[in-house]
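What follows is a pair of complexes built around subunit A, which joins subunit B in one and subunit C in the other.
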Partner chain A sequence: MWLPFIGLITGIALGLLTGIRIPEEYSNYLSIAVLAAFDTLFGGIRAYLQNIYDEKVFVSGFFFNIILAASLAFLGVHLGVDLYLAAVFAFGVRLFQNIAVIRRILLTKWTARKERIEKS
Partner chain B sequence: MDKKKLNFNFTFITLVIGFMIAIQFQTIKKPAERDTRDIWQLREALLKEKELQSNLLTEIRSTEVKLAAYESKRKKSKEQALADTLEELKAEAGLTEVTGPGIILRLEPVVEDMKPGKPLAHVVSPELLQRLVNELNMYEAKYIAIDGQRIINTTVIRDINTDTKIDGHTIKRLPVEVKVVVNDQNKAEKLYNRMKVSKARDEFFIESFRLTISKPNPNITVPAYDKPIRVQYLEPVKEGGTS
Partner chain C sequence: MNRIKVKGHHYLLSLVGLFLGFIIALSYHLTQIENEKPKMTDKQYEQTLALRNQLIDQEKANRMLQMELKQKQDKVQKNEKELAKEARIFSSLVEDTEKYRLFLGKVKVKGKGVKVTLSDGAYDPKEDNVNHYLVHEHHVFKVVNELYISGAAAVAVNGTRLTSHSYIVCNGPVITVDGVPYPAPFVITAIGDPEVLASSLNLTGGVKDQLVNDDIIFKLEKADNIIFDPILGG
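Let's look at the complex of A and B:
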């Protein structure tokens, strides 16, 4: 269970230690990619908690979402429309929904466990 | 479900996310230190940079000079030959001042011919001058100048509105000096002797001009032709052409 957190910390450490910087113009793309990744991650956690987790869907969704978001932002830049806002909006809403669902599931689980403890 | 695999997947994804976040963070992060230099410090910094720039420019210049020196050394022999040829051609075309042995002819009005009420002859006819030049050329004159006007191959001597003009230069005032330079002193002597007995003197006298011929002088300077030479109908011969 702790392995993902270790992964996250390792990733951050790796990124900070290598000191990679991307050009300012591309930071938009990266930010939206991060958002897409978060969305996929929380979607995966929710799916796991709802017992509908599929490994292929998760991994493919991760990469596909990132690419889609980046290309949408790219298209937006070239059309002169801030299309990346659409991606931000979509991912933001889904992120909140996913987190809400996760919270409810965890709460239900927690209360169920509490009740079980009280009963016993 | 394979718990291990799931854990691995999540770990991998979180690793990637963490990496991306770190990069994004570093990219967005503004310089850690705020620039708090005041205008004088900024000026100092600017001065330093400018010094650096000028140093670099000096370096570039010196390198370029060196490069040019090497280039010129490489080309010198060729270039020298070319420059020599150019000088030669210029001298031949009459674009250089020439000093050498020669004689000076003077055209003056005939004093005895002066009559009250009759205007003094002052216009030398172009035909006479042309004949004189032809005669001088016949006697191997190398460089000729009439009234300070160099005679070259394309020179025209003609009458324009009763003025005698040599390439646009009007001969108005007498006496007119004709300077002739030849190759060496011997030829100058020869020219002098021939001119003394030439018919030109008589011809000029008929038109009431007196032609006096100075003794050969080893140092006579003929000025350079000072107008652009217009070449209208000359074309370089094509290599392998039939002409």
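Let's look at the complex of A and C:
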């Protein structure tokens, strides 16, 4: 159960301590990748809460979204269109939607449990 | 907690967690680094660029000027060498000139020397010819010539300095030196090495002996400080 969290902490520690430098022109890709990762993560949590979670979909979506977002940004840079803005927009909107859905599900569950406790 | 039970493989999820953590940390790190850098506006950037270009131009100009300076220095060195050579020639010329001026009597001369006094001999009743004990021009000549031969730089008779075209004439009771009559005694002063001059005059059978033989009173003294003024209008 705690393995994913240990992995997260290890990842953070690795990123902070190794001091890997990324050229400045790639920082855009990195930020879009972070955004995509967050989006997929919250999507996964939402799916789990809605009981439609599939690990394959989640893991493949996680990496694929990151790669797609980065390549979209790359394409945008080379075409002269700020496509990464589109990615930011899409991911941002979806992020908020996902969080909203998660919040609503959690709220329903919480109230349902409260009612159950009151009944019993 | 029981409901939140992950079905499937934990390691895949931990891989996802690892990756997520990694990129988040990296992004955070990168942003920190970017924030640490001084923000530069376009104007500042342009200014920096212009200043850098200016600096480069200046350095180029500096290098050119330094090369030019080196060339000039080489030239100066060459000139200095030539000048030194010329100066050497000039200094030897100046020395020569000094010497010639000295001989010509154009400069003031000061130095050690000798002083020869020639006086007429005492009256001798046995001698019927007065000329036998008077100082004659040839006596003076002898002394003067001997002094010149022994290396005297300048010679004067009774204070009149002799030059290459001076004349000394016996004119009755007086001797005329360059038109100025002088009576006896005659004082001949010479500048030069006193030892050499004195010993050459004192040579056995030399000038002194000859003069003494002619009944002339010959007095020789060494002087430390003889001064001759330059001859005017010579």
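Heads up, the rule we're going with is that the second predicted complex is superposed on the first by the 113 of 120 C-alpha atoms of A that agree within 3 Å, B and C clash if a C-alpha of one lies under 4 Å from a C-alpha of the other, contacts with A are read in each partner's own complex, and residues count from 1 in each chain.
To be clear about the criterion, a residue touches a chain if its C-beta (ideal position, glycine included) is under 8 Å from a C-beta of that chain, and two chains touch if they have at least 3 such contacts.
Given the structure is predicted, the values throughout are model-derived calculations rather than measurements.
Undergrad: Looking at the overlay, does A:G7 come into contact with subunit B only (first), subunit C only (second), both, or neither?
TA: In the superposition, A:G7 contacts both subunit B and subunit C.
Undergrad: Going by the contact rule set out at the top, does A:G80 touch subunit B (first), subunit C (second), both, or neither?
TA: It touches nothing on subunit B or subunit C.
Undergrad: Just subunit B (first), just subunit C (second), both, or neither: which does A:A33 touch?
TA: both
Undergrad: Taking the superposition on A as described, I'd like to know which of subunit B and subunit C A:L41 touches: first, second, both or neither.
TA: Touch partners of A:L41: subunit B and subunit C.
Undergrad: List the residues of subunit A that touch subunit B in one complex and subunit C in the other.
TA: 1, 3-16, 19-22, 24, 27, 30-31, 33-34, 37, 41, 48, 55, 58-59, 62
Undergrad: Where on subunit A is subunit C touching in the complex?
TA: Touching subunit C from subunit A are residues 1, 3-16, 19-22, 24, 27, 30-31, 33-34, 37, 41, 48, 55, 58-59, 62-63, 66.
Undergrad: For the complex, give me every residue of subunit C touching subunit A.
TA: 4, 6-31, 33-34
Undergrad: Which residues of subunit A touch subunit B in their complex?
TA: Going by the criterion above, the answer is residues 1, 3-16, 19-22, 24, 27, 30-31, 33-34, 37-38, 40-41, 44, 48, 53, 55, 58-59, 62.
Undergrad: Could you please specify the touching residues of subunit B with respect to subunit A in the complex?
TA: Residues 1, 5-28.
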